Amino acid sequence: MWNEYSIGLAAAFACALVAFLALVWERDDLHKLLLVDLVETAALAVIALIGTDLSEALILPGLVVGIAELLALSQIYLVKEGYQQHRVKGLNIEVIMRSPATVIIATILAVYGIILSGFTGGAIAGLGIVFLLMSRSFSGDFHVLEMASGISWALWVAAFFVFMFAPEWWYLALMGAAIGILMKVITKMSLVGAMWGDQE
Amino acid sequence: MKKKYALALMLGAAVPGAGAIVLNHLGIIPFWAYAAVLIAGFPLFLLGLGLFWMAREGKADVPFLGY
Amino acid sequence: MNEIGGAPLFFLEFGDIVIYFTPFTLTLFLLALVFSVFVLVSRPERQIDIAFGGDAYYAKEISLSELRFRRFMSIACGLACMGAMVTGDVFDFTLFVSLVGICNVGIVAAVRSRHVQNAAYQYGLVALAGTVPMFAAAAMVAATTGTLSMLELAKGTATVPVAARALLVLGVMGEGMAPFYAAKAEMFRAPGAPYVIMCSLSSLLIFLRVAEVILLI
Amino acid sequence: MNPEFILGFLLLLGGTIASAFPVPKTYLNRLINLEIPGWGLLLLMLSYNEALALLTFGGVSALSVYIFVRVIQKKEATG
Amino acid sequence: MIAELLFATFFGLLLLGIHRKVIARIQRRPGPPVWQEILHMLKFSFKTTWVPATASAALFVGVVLVAIGIWTAALLVILSGGSLLVIFAIYMLHKIVEHGFGLSSGSPYGKFGGVRSVISAASEIPLFVTVAAIAIFTKSLMISDIVAYQEVHGPLLATIPLAAVAMYVVLLSKMPFGPFSIVESKELVSGYKTEHFGVWRAGLEVCNGLKTYVLLMTFILVFIGSLPFWMILVAMILVTVSLSFVCALSPMLSPYDSVTIQTLIAGLMVAYVALLGVMS
Amino acid sequence: MIIQKISRILSNFDNILPVFAAACAAMSLLVILTLPLPYSGDQLYPKQIVPGSSLNPYDRGGPPFTQAVIHSQYPGNSPTAGYVTAYLTPLSLFISEHTLYMGTTIVAHPGGILDEILYNTRGLDTVVEPTILFVAFAVAAYLFRKREA
């Protein structure tokens, strides 16, 4: 009964085994974080093996949980090691520093993300903005970003309740949810970009 | 805490509790409603009773620094 | 075995994810609610440290911004617990549990003590690693039985593999970490009683719930 | 079982070993090796026609690289 | 119901008094009278009561209410033949009460008691083992069903003795002066209850009485089955005395060792249930 | 004594991740040993591939504003299930009529099978998951900003 699913499962768990074994012997805190990221890949592979539309709907939350916790932990790491104060000047690659190419790439990503909309769109457009903010070493205040993300979260939850309790308005709910989640993901992602430009 | 408030707390917990017992025996309210009233009321009643009955009032302090 | 936590009292349907209350989950839900209310209304205590070798003592104060942030995290943690207690879907449960994990990290991450932050980081790594067996377990349940709903699985028409159950328990252990007690205890040395209690409450609650889940499915 | 599936899993396994035990063991080396299992996962998703998951994974893994590079840079700045 | 509640409180406190007395006699001390714990409870409610200046007031008072409330709920569940899982949930959540007591005052002694209570979280895992073992045999976790099962098949004590041992260890870890009572060992003054004085402490004593009564009652109902009421009370006293013997004759372990031993017991029990599950 | 040795290892929080990782590794090995597992044929939301459709991997049938058939767990709980799947925004309708590459974007566009699952039938998952995102980013933002204060 060695179907495709079982073979895939065996391979995915073999990966998990190797990665966890590496984690057992690792003593360095940052290496541990990198290895935990590696382990996540194996989990995503197990989810992908379901092979239905459901599996995609499960991968998206799985991915988001991973990246969110990664960001929080990396920040805790910097604070606990006292590296928070260290100055890092943008991204030290000549090409994207202050060149129009950055803006073009960022714009392309953002526009593509907005066309995609929804979840994936948020990630892609967010990536574009990260790119832009990174090269421009943005250090504005977060309040606007946080407010926008809070509003979009509320929008999305409202849309969810419309779906559940007034299904005849599904069209409205769909648009609200898609836009809400797009905004939400973009604003959160752009925080990453903003963190880059923290030399001030 | 003033004794007056403690008495009020005690009665406030005891009256609904007694009411719930009666109503449950008459079969007006179901068992779970009675249980909920009792679970919420019994601790309040005990504390109210204790505070009202004999507990003396005192000024707030940091007791473990007294020695 | 439908009578694990008592017969369901009522259902709340959100599409495929059905929230249901049994006497067991209702008890846990109410406790999470009660402690969330405590977090909301109580001010943190001022922890007293005694300097040994003299009569000197000093109280640790918590700054207002730290207080606000930790209160927010504790309430989020309380909400996550409530969700994890009553949800009737395996994957939704794992998501709520990971939310509990990240909230727990957040509650103590704001503390300035280096020692506590170290413990929080180690705990955070375990919490992140714990999501791996949990998601894998949920995915295996979906693939081998074709459903994620606990109510469907409780009917016993499809058997959940033992491996998936074991992985689920292991993942929740990572998030709640009862036997790996060390980091959690170190986190507890942080001041701010109402908030750190939420860490402990949440891990106990998700443990109780996962025990019910693996007996149920 | 199509070629993407097999190749994806081979890459996933190889990449996991490569980034679990990188030689030499530096942060950047490990980070770069992390891309190999990522590619394996992408191929795996491709073999199941999971286009959207693939797209999101691409975006998110790019983001995680930024996060890691930032941490590593800050750490290395200490010298 | 109110009558049962009051009876449970006083009888539970009496059991704790018997516990102290037996330990004292084994150690060749005269010991306090058996109603000492009841007197304690009454005495504390005469004392000056306030909330310490450093404490987190709402939590400080709230945990007392929660402590009594959850055990009242447990008593109701056991009297109405509800789910065993609910009782065990309440038992585990008693930990939170200990943390709340310990941490809410800001006192270092209370804090250490609370921290010790956190690290000994492993002591509860044998409970799940008990639950799982019972579920394998009775196919239900309602106490009424378990009692009915035992009337047909004989006491579970004979069927799954190791599960009974697991629960016995759990009971032991909650009895004062036992090998696992690290949360209230004497170097911490009174552990987590140090700072709750006056009426708050009286409330805690009520909770302790209820807790003892409920846990022993659960043990007897689940492993021996239904008996006449007076027989249950006698059996509870017998179990208490046996617990007192263990407590009197064993030293208190150091905190981490206590936890390790509890974890090892838990691991053994998990293996046992896995075996049971495979065999059934 | 062996017990004291174990307690010494467990009481140091630097060791918990290795201990947990070891447990996970052992469990992964056990899972591999319990294989193979059956793959249930009756899956929710199965994939249907319609070759030649411009919406290729995500063509779930149905013209706009009619209800497509999707296999969800409790169809009774979401009466509009299938509307979202079949809906195309004007822009995506235009793209799908003129190119063959709409398939990579359709689901993320408002309307499509993933929107159906993420927003409608399994909406609570998606509520939880931005909340995780929000909480984690709040932690990061707080720690980041605390430095400035």
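The chains carry the letters A, B, C, D, E and F, assigned in the order they are written, with residues numbered from 1 in each.
Throughout what follows, a residue touches a chain if its C-beta (ideal position, glycine included) is under 8 Å from a C-beta of that chain, and two chains touch if they have at least 3 such contacts.
Quantities reported herein were computed from a predicted structural model and do not represent experimental measurements.
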| item | value |
| --- | --- |
| Chain-contact steps, minimal, separating chain E from chain D | 2 |
| Chain whose Cα centroid lies at the greatest distance from that of chain A | B |
| Chain with minimal offset from the mean of all protein Cα atoms | C |
| Furthest chain, CA centroid comparison against chain E | D |
| Where chain C and chain D are represented by their mean Cα positions, the distance between them in whole Å | 30 |
| Separation of mean Cα positions, chain E and chain B [Å, integer] | 24 |
| Centroid spacing, where centroids are CA-atom means, of chain B and chain F in whole angstrom | 49 |
| Distance between the centres, which are taken as Cα means, of chain D and chain A, whole angstrom | 14 |
| Set of chain A residues in contact with two or more other chains | 4-5, 9, 12-14, 16, 20-21, 23, 32-33, 39, 42, 44, 49-51, 54-56, 58, 60-61, 64-66, 68-72, 74, 76-79, 84, 116, 119-120, 160, 163-164, 195 |
| Residue list for chain C, restricted to those that touch at least two other chains | 13-15, 48, 91, 95, 98, 102, 105-106, 109, 118, 125, 129, 132-133, 140, 142-143, 148, 181-182 |
| Shared interface positions of chain E, touching two or more other chains | 54, 66, 73, 105-108, 119, 259, 263 |
| Chain A-facing residues of chain F, complex | 14, 17-18, 21-22, 24-25, 28-29, 31-32, 35-39, 43-47, 78-80, 83-84, 87, 91, 105, 107-111, 113-115, 117-120, 122-137, 139-141, 143-147 |
| Of chain E, residues touching chain C in the complex | 54-60, 62, 66, 70, 73, 77, 82-83, 85-86, 88-90, 92-93, 95-96, 99-100, 103-108, 111, 114-115, 118-122, 124-125, 128, 131-132, 135, 139-142, 145, 259, 263, 266 |
| Touch list for chain D against partner chain A, complex | 1, 5, 9, 12-13, 16-17, 19-21, 25, 27, 30-31, 34, 37-38, 40-41, 44-45, 48, 50, 52-53, 55-57, 59-60, 62-64, 66-75, 77-78 |
| Residues on chain E engaged by chain F in the complex (per definition of touch) | 119, 256-257, 259-261, 263-264 |
| List of chain E residues in touch with chain B within their complex | 1-2, 5, 45-54, 61, 64-69, 72-73, 76, 80, 105-109, 194-195, 197-200, 202-203, 206 |
